[in-house]
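Chains here go by letter, A, B, C, D, E and F, matching the order in which they are written, and residues are numbered from 1 within each.
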Amino acid sequence: MATVRLLTDSEVEAIPAAKAVFDDIRATRKSDFVNNFWRALANDPALLERTWQELKAVMVADGALDPLVREMIYIAVSTANGCTYCIHSHTASARAKGMTDAQHGELLAVIGLAGKTNHLVTAMQVPVDAAFEVKS
Amino acid sequence: MATVRLLTDSEVEAIPAAKAVFDDIRATRKSDFVNNFWRALANDPALLERTWQELKAVMVADGALDPLVREMIYIAVSTANGCTYCIHSHTASARAKGMTDAQHGELLAVIGLAGKTNHLVTAMQVPVDAAFEVKS
Amino acid sequence: MATVRLLTDSEVEAIPAAKAVFDDIRATRKSDFVNNFWRALANDPALLERTWQELKAVMVADGALDPLVREMIYIAVSTANGCTYCIHSHTASARAKGMTDAQHGELLAVIGLAGKTNHLVTAMQVPVDAAFEVKS
Amino acid sequence: MATVRLLTDSEVEAIPAAKAVFDDIRATRKSDFVNNFWRALANDPALLERTWQELKAVMVADGALDPLVREMIYIAVSTANGCTYCIHSHTASARAKGMTDAQHGELLAVIGLAGKTNHLVTAMQVPVDAAFEVKS
Amino acid sequence: MATVRLLTDSEVEAIPAAKAVFDDIRATRKSDFVNNFWRALANDPALLERTWQELKAVMVADGALDPLVREMIYIAVSTANGCTYCIHSHTASARAKGMTDAQHGELLAVIGLAGKTNHLVTAMQVPVDAAFEVKS
Amino acid sequence: MATVRLLTDSEVEAIPAAKAVFDDIRATRKSDFVNNFWRALANDPALLERTWQELKAVMVADGALDPLVREMIYIAVSTANGCTYCIHSHTASARAKGMTDAQHGELLAVIGLAGKTNHLVTAMQVPVDAAFEVKS
C-alpha cells in the first residue's frame, strides 16, 4: 500500500503532461508496461517529467559505462539504502540486460564485503591515508 | 583519531599472525605501502586475517566482473553508507585501475539518481510490481 | 508480524502504568483509536510513558513550528531511515492536519533532491565552505 | 579533501557549459559566492546543469511550501543520511531565510524524536495499521 | 519474494560444496532446520561457505562476549540498517539463548536512545572532545 | 565546527534550567567534565533536560543489562548510523567501564558481520521464515 495513489492508464490519459511522459517511457523501452514507480510519480507531473528525463540521461543514453554496470551500481546503492522496490526493479533490469548468475553472485559478494568493511572502518574511525588524497 | 591504535610496522613484526597478513598484502599488491585500515585491524589478528582473505577472494581474484567494476560497486555502497575512509580508498583504487574522469562522472550520476529515486520510492511506499518477481 | 506482541485493550487494562498512557493518548487525540506503535511499546510501560511524554512535548504542544511542518520533517527523517510504519503513520497525520496534494508533492520533491545531493556530496567528499561555519 | 578537484573561477571560465550555470547561480542568489558543491560538480557540466536546474525548481521557485520549510526538510533528510556538508550548507541557508533559534531547537527535537521512534518501530517490526492505508 | 531462488534441500544435495555447509549448519545447531538466508546464499557456494565460516567464528565460537550479548549487538546493527529479516532471525536467536522480556525492553530502550542522540549529534555536528581521543 | 554554539560554563550559569542539568550530570558522573554534546543541547534547555533524564533512565539506572553491554549496543547503533561523535564518546565510556581489547575486538567482529549479512539479506530480499514469527 503506497502513501499516494497509483494512477491507472485512464487517469494518466487525463493529464497531458503525465501522458507525454508515459508515451516516452513506452517508446523508449519499446514496451507497453509502465511500472508502479511512474504511476506513483504521475500524481506530480513536474516531478515525473524531471525524474524520467534524468533517468533517460543517466541510465539509457550512451556513455562511458556499460548500461549493465550502471544497473549494478544502482542495485548497490539501493541495497545500502534498503529500498526494496528499487532492488527488485533494478535486479530485473540488470537481468534483462544480460546479468548472469555468476555476475549477480559477485555483485552480492562485493556489496556484502563493502557493507562489512564500511562498518569496521566506521567503528574504528580509521583516518584517511595521505596517499589517498586528490592532488589539486 | 581512531578508536583503536594504528599499529606500526615494528609492532606488527611482533605479532606473527598479523605479520603474515601484512607480508601477503605487500606481495599481492606489489607495493610496500599498507594503508591504515589494515593497521587498525591488526589489533585483532584473526579479524585481520579473515577480512584480508575475503577481500582477496572478492576484489582481487579473477571473476565474472571486471576489477574496476567491482571498485565502482564498492564506492556506491560506501557512499550510501557514508563511509569517508572507504570512499577515499576505493576511489583511489578505481583510479589506479584506470577509471577515467568520464567514468567517474557517470558513476556519480548513477549514485545521485539512485539516492534520489530510493528516497522517492520509500516516501511513496511504492509496491513491487508482480513483473519484477523471481520465478521459482 | 512484530518481534513483540501488540497488546490488546484488555491486556493494557491490566497494567496500570500502560493504561494511564493509553487514556492520555485517547484524551489528547480525542479519539478511541490507539495505533500499533503504542500497543507494541506497552510491553515496557516505562518506555511507553517516556516516549509518549516526549511525543506530546515535541509534536503536540504549541511551539515555533506549525504542527503540519513538524509532521513533514518527521516524514523526511523516516524516509531517509527507511521506516515504513513511520512513513505511513505520519503521512496519515500530515493529511489529517491539512496537507494538500501539492504540499505532499513538494515534500517528496525536496526529499528526493536531498537524497540525490546527499549522495553526490558524500561520493565527492566536498569540504565544508568556511562561510557556513557558525560564529562563536 | 575531496575525491574530485574543486574548480576555481578561472577553470570554470574555460568550460562554457559550467560557466553558464555559475552565472545563473550568481544571478539567482544575487551573490558572487559559489560554494564548493558546485565547484565539485563542475567537473561534469551535464551533471552540474541538471542538478542546478532541479535545485532551482524545487528549492527556489514559488510553491505550496514556504522556502524556509523546504530548507528544514532538507536538513532533516541530510541528518538522517549523515551528510556533514549538506547539514552545514542548508542550516546556513535556513538561517539566512530567517530560521530563529527557537525554530532550530524544535527542528532538532523533531529530528531526534523521529530518529528514536524510527529505531523503536524497526526493532519491534510494528505492522502498519489498516487505518493508515491510502484509499484507492 | 527474493531476488534469487531459495534452494530446496534436494537442490542443495546436487551441489557438493553447498551440501557440506548445510550439513555443518545442521550439526553445529543440532537442528534439521535451515533458514532462508542460507538457502538464498546457496546459489553461490563460495559466498555461502565464507559467510558460514565467519558466522561460526564470530557468533558461535567461545570468546570474550557472551553469545546472548553478541545477538543483541547484531539486533542493534540490523535495526539501524533496517534489515527486517535480520531483526526477526536474531531476535529469535536471542530469545532461544535466554533473552528475557526485561532484557529485550532494555535493548529496545538503548537502541531508541542511540537513534535519537545519533540524530541530534549529527544535526548539531558536535565536535569530538579531546578527552575521547585514543592515546597512541 | 558545530551548527549551534557550544555553551561555556559561564553561559550555562546564566540559564537556570540548563545549570540544573549540568549540576546533575556532574553529580551523577562524579566528574567536573561535561562533554560537548550537552554544551550543544544547552541551547534548548527543555531538550537538554529531556535527553539527560532519558539517558539517566536508560544508561545509568540499574537494570537487566550490564552497563557495559548497554554501551556496546550504543556503539553498534552509532556505527551503523555513522555517528562519529557517538562512536568516540561511547567507546570511551565502554573503556571506562572496563571493556577489554578482546571484548572490543569481538564487538567489532559482530558489527562487521552484521553489516555484511544485513547487506546480503537486503540485496537478496530474503523472506522471513515462518519459524521466526512471534506467537500471539
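Observations, loosely collected:
The rule we apply is simple: contacts are C-beta pairs under 8 Å (C-beta built on N, C-alpha and C of every residue); 3 or more make two chains touch, one makes a residue touch a chain.
Since we're looking at a predicted model, the values are computed, not measured.
Taking the definition of touch as given, a chain qualifies here only if it contacts chain D and chain F alike; those chains are A, B, C, E. When the contact pairs of D-F are matched by residue number against A-D, B-D or C-F, more than half turn up again in B-D. Annotation, chain C versus chain D: rotation angle of 180 degrees from the Cα superposition, expressed as a multiple of 5. Over half of the residue numbers at the interface between copies chain A and chain F are found on both sides, making the touching surfaces mostly the same.
Averaging Cα atoms per chain gives one point for each, and the point farthest from that of chain D is the centre of E.
Centre-to-centre spacing of chain A and chain C amounts to 27 Å, using the average Cα coordinate of each chain. One simple way to say how far apart two chains are is to compare their mean CA positions; for chain B and chain E this gives 20 Å.
Across the assembly, chain B contributes 1-4, 6, 47, 51, 54, 57, 77, 79-84, 87-88, 91, 105, 107-109, 111-120, 122-125, 128, 133 as residues in contact with two or more other chains.
Chain contacts here are complete: no pair of chains fails to touch. Across the complex, chain A is touched by residues 75, 79-80, 82, 84, 87-88, 107-108, 111-120, 122-125 of chain F. Chain C meets chain F in the complex at residues 1-6, 46, 50, 54, 57, 128, 133-134, 136. Here chain E touches chain F in the complex through residues 1-4, 6, 33, 35-37, 40-41, 47, 51, 54-55, 57-59, 63-65, 69-70, 72-74, 76-81, 83-86, 88-89, 91-92, 100, 102-103, 105-107, 109-111, 113-129, 131-133, going by the rule given at the top. Remark: chain C residues 82, 87-88, 91, 101, 104-105, 108-109, 112, 119 touch chain A in the complex.
Taken together, the chain B residues at the contact with chain F in this complex read 1, 3-4, 43-44, 47, 51, 77, 81-83.
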